[in-house]
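Note that chain A is present in both complexes that follow, paired respectively with chain B and with chain C.
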Partner chain A sequence: MKLSSLFLIAAALATAGVAAAKNIQLLNVSYDPTRELYTDFNRAFAAHWEAKTGDVVTVKQSHGGSGKQARSVIDGLPADVVTLALAGDVDALHANGRLIPADWQQRLPHNSAPYTSTIVFLVRAGNPRGIKDWDDLAKPGVSVITPNPKTSGGAQWNYLAAWEFARRKLGGDEAAKVFVRTLYKNVPVLDSGARGSTTTFVQRGIGDVFISWENEAFLALKEFGPDKFEIVVPSLSILAEPTVTVVDKVVKKKGTAEVARAYLEYLYSEEGQDIAGRHFYRPAVSAKAKAKYAAQFPQVELFTIGEAFGGWAQAKKTHFADGGTFDQIYAP
Partner chain B sequence: MRTHRIRQLAPALLALLALPITLPANELAALREQLRQLEQKILILERKQELKDEAAAAAAKSAAKVTVSDGRVEIASADGAASLRLRGLVQGDYRWYDAANEPNDTFILRRARLIFEGRFNNVFSYVIQPELAGTIQILDANVNVAFTPAFNVRVGKFKTPVGLEQLQSDPVAFFNERSVATNLTPNRDVGVQFHGDVLGKTLNYTVALLNGVPDAGNNTTGSADFDSDKTVAVRLFATPFAHDKDSALNGLGVGFAASVGDYATASGRTSGYRTDGQQTFFAYDSSVVANGRGFTWSPQAYYYGGPLGILAEYVGSAIEVQRGTLAGREVKNHGYNLSVGYVLTGEDSSYRGVTPRTAFNPAAGTWGAFEVVARLAGVDIDDTVFAGTAAGRLANPSVSATQLTTYGFGLNWHLSRSVRTNFDVFRNEFDLAPGAAPAANALITEAETTFITRVQVAF
Partner chain C sequence: MAGPTTTSLAVKSAQAAGPRTIRNPWWVRVAFMTIAFAFVAFFLVLPLAAVFGEALRKGVGAFFLAFADPDALSAIKLTLTTAAIAVPANLVFGVAASWCIAKFDFRGKSILTTLIDLPFAVSPVISGLIYVLVFGAQGWYGQYLNAEAPWFPALQAWLIAQDFKIIFAVPGIVLATIFVTFPFVARELIPLMQAQGSDEEYAALTLGANGWQTFWYVTLPNIKWGLFYGVILCNARAMGEFGAVSVVSGHIRGETNTMPLHVEILYNEYNFVAAFAVSSLLALLALVTLVLKSFIEWQHTRSRSLKASES
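Presenting the complex of A and B:
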């Protein structure tokens, strides 16, 4: 056999090797209540990616309190992507770990928030405590369930929503601080994440009202029925924008940058947006999905973190850093 | 406790409510509210305990694990990917010699070592082993990178991969001194080694590039080579029936090792070959140096089947040496070792030693494991080293023997996994070269008989 023939065979074999389907594994480190959303989404993306490239993608999920999850990634949990409850936790990956660039939020549409949500109240059927708005949560004898803002992104949204309500209604930060302190005196248990609080309220039967992610409240209603729970929409709430990013340092090392980026981009696709709506997250970009699911979301006045608190960096520093307002008002 | 009391109270309250007592509606509502609040308190206490338990379980999962067993201490990360193991070895001997050698009777601290072994990232591992008895030195200091089980790279100071018994760990050898055949095998050296298990882990290969040390020699300082020439050592060792648990040959291992290198040493070929009693029976003249090619080869095998263990090796050594300005010549020496052990108490014998089923505890009626051992070994020195005049020969026949044959018998008492005592008797018989006229008190004049006892702690 001539040398050139050998080269041809070798080249053909090499090409075949390159062209062979790959098995790719991604790790999505997310916050507490997104389990069901990403179980569905992962399935859809895997089918999409296999149809497009022939490669088989398996996406592993990790869930917990958003702040806690961010710390785990900084400490070495090899997440290809993070889909966390708030931009402040994703920022920590840059600030404390240099795992992503500073401008990570500009890499995907809608400030890297493919879906939004808000904060509502879940109460027991018949609303026996007559909960209507935030100020009812600070009344004596009302037992309130909310997770720990030190570890949970959802809990930070809850805290800030309550704070802004009080600031607007009672006038100023001092009054808001007194209000939030009174409210947290009514909190008997602080879970580390939103799903833990759901367990506390829904399954363990503790508390009169659960300050909840909208999607989590709908999920409880769907699973247990309106004969068990009701959703109460407060007069004012916060526009919660869970954000997502590829973890550059990890995907570079693992060689998964392309598929990780495609995974997050698929959240903005028609199918991704529809899956979000189906799981009671508010689609952020797709007009079709927005229209399809508009009826299921209650009308509520929403404010943004930027408007009320000057963004996540400022809000975290003022309220959730060591010695911040939460440390000042809460005594276990 | 508080929960328990409330729980005890709740049925009583329920019973009270069930009584056919007519209460005003507002009092009944108040009682119901009290009951609800009590129930909430119970639920909250239970939930808090549940969260505490969950947090404790999560903390335990991520916490480093400290394991202490038989004196060995190991600290490992929660995922097991990183660990540090602290081990130790202490051997205290007493040596009795026959009447001719009685002045040598002595207590001796044979070995005293602290061994640090660690690994991290599931890939890197290291060993640091200082020797604190005798010549204080770093015995082993190396880093191993395990790319795959089939391909590892070790860099640093480690045992030269030639002698089968030399490669066996000190505390688990049949006898408290290795056989005289190891006089001809190189010991620890500095270099790089590629090694791994292939063919379904039935074949172990090792290829090492080393500075080069003399027979039985150690690179004691870990310092630079004293000549620019290097030694290559290669070893293949097969355990073809290792996966066939039912085979009678399951414990069979067969191998071949060789090392080759050029030497130009200033300090002589070797400091001397020793008997089982650790006395020198052969030494080159002080002006003899290695100057040229050195080649060592060793077919080797072991067999372990139940309580029976057999270890056998042959060592051949060819080295070009030179005395002063005289012409150099090649010297060929040979050694052999056949050792047999049998564990009387039925435990399995193995290359890694004997693990007693019970530890010594007279109160519980347990005594550990007992093993009897026997050995036949020898070294045959090239007769040509004695040829020539006093000014031209390589070794003095009146001081050095041309052949040594040794017989060893012993009893090993394994008091626990880490404590062992040995009672070994050695008989060393010498053949003298033609023209030998040893002094009356020379070692080689008569056979040497030695009784060596040892207490050993190895963990």
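Presenting the complex of A and C:
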């Protein structure tokens, strides 16, 4: 055992030696809709880091449903940083395999959520079904597109937003469960990630309404034009806080701890916040970026996962674990 | 020997069937031909034309721009590398397996034959998942790397020092591809070798040839066309495989994305021209495969009829 740990140290030193050279490679494992955001941000960070240290950083990207991506990192995908859709998926890296410490969320400002988002509806131009709020989604004959909460972070936000809306309007969890069950009866297909659902709704033309990340809805408008789709803002929605963290076990092995931390911290810089705003994510810390992009985001009453569901650990256990409410209400 | 006999039989039966076919009413033939052609046009030609149409929609410049992207180049390179490893591996395995199945009798032969078909029977997603379970950080391989007192500590130390990764890296992609394409060569050769029997090999052995000479001068020339055909099919599938590779790839752009995975990414990013451009390259590879296949079939029939006329 002594010998093998010696070898471990030697290996760590060897890789650290390589990393200290001019070319650094990071892997950012992210969720589905952040492709365009991180393509831009990686470029900005590479320029910043080269100006500061002279080292060239290449950040590789991997995208997919948030839960699925967390699973891949646990199975050995060597992510230096993860930038996932929700804290619950990042928690899984601690619970399975101890890749990060339990207090990971305290390591960066704003609970490790450099940008926030919310959930809105995307409908076809002219809103032919007259969708205005969550209760319109549970009406008979309305076809709703949303991804699978078992694999997609966005889908869990969607599910919880619908649940909370019903709980407040109809009073109580039992009524909410009935409401969500009726809503999910209207879902013809559950894709594994948010981008898959966007494709289903936008390109395959399936469904009347798509419960979507705000940024994803804006992106669809931008790509296909406002003559094809409209955004409908519900009366109540959830404050979605996508969270980021360095994967300690991987960066320790690769010797990339410093640059990986700097990469995430740069998300909180003026430039990082501005890039987030440009890609329709709500900047979380910079007052300047907040003011600059305030006009593009609709005003909507937002509640947080903490106040409505007692945090992610609790919400996951009640709703998305095996035998949770989602398993009880959804029969394909 | 088997060749001429079957050919002459086939010729005879064709002659016997000839007049009967001609006597079928014309409308039956027209109906069948219309159905066949309409089906082919609708399900094969139309989508293929659509792929090329979409790829060239914004002009040739945009088409070639898709291949200037370093991620696309890396995907093409990875696909070619994977096929370059998987196909020869399955060539060797296929010949070895069909040789022992067709020419020898042993216990468990039918089990081996069934096992070869296994990759056809299981879903590609499962094929990918088994490698994640075996080689993932939480799987056997990961447990071995983390073991306090492993078997062969030197091997463990070496693997750690090399930072040797299997899944979410090229080895995993190659493994999954080998698994999925594993039956193609063997499936092509087994019936062929069984039909040919072992008479020629026995003759060679009695004339004093050793095992290797028998294989090289007798068996191989007999199976060469079937072998080519199997290799071509194997290659086509190796390049086009999506499901199994998707599970073990980890989707790192510019590193572990193969061409089919790259097409999906481009399509999901609203980059339709590039997506269809890369698809059209895959389609072109398939077309080349088909042309090669037809050529080989033609060569095969020609060599057969030459043999027949010689004897």
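One rule holds for everything that comes next: the second predicted complex is superposed on the first by the 311 of 332 C-alpha atoms of A that agree within 3 Å, B and C clash if a C-alpha of one lies under 4 Å from a C-alpha of the other, contacts with A are read in each partner's own complex, and residues count from 1 in each chain.
Note that contacts are C-beta pairs under 8 Å (C-beta built on N, C-alpha and C of every residue); 3 or more make two chains touch, one makes a residue touch a chain.
As the structure is a computational prediction, the values presented were derived from the model and not from experiment.
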Between chain B (first) and chain C (second), which does A:H63 come into contact with in this model arrangement: first, second, both, or neither?
second
Report for A:A92: first if it touches chain B alone, second if chain C alone, otherwise both or neither.
neither
Quick one: classify A:S143 as touching chain B (first), chain C (second), both or neither.
first
Quick check for you: in the superposed arrangement, does A:V123 touch first (chain B), second (chain C), both or neither?
neither
Using the touch definition from the top, say if A:I206 reaches chain B (first), chain C (second), both or neither.
first
State whether A:E223 touches chain B only (first), chain C only (second), both chains, or neither.
second
Which superposed partner A:G196 touches (first chain B, second chain C, both, neither)
both
Have a look and say if chain B or chain C is in touch with more residues of chain A.
C
In the overlaid three-chain picture, which partner chain does A:L27 touch, first (chain B) or second (chain C), both, or neither?
second
Check chain A for residues that touch chain B in one structure and chain C in the other, and list them.
196
If you look only at chain A, which of its residues touch chain C in the complex?
1, 3-4, 7-8, 10-11, 14-15, 27, 35-36, 60-64, 72, 74-78, 96-97, 195-196, 198-199, 223, 253
Interfacial residue positions of chain A with respect to chain B in the complex:
143, 188-189, 191-192, 196, 200, 204-207
Touch list for chain B against partner chain A, complex
40, 43-44, 46-48, 51, 55
Which of the residues in chain C come into contact with chain A in the complex?
132, 135-139, 142, 148-150, 153, 156-157, 160-161, 163, 165, 167-168, 250-255, 265, 267-270
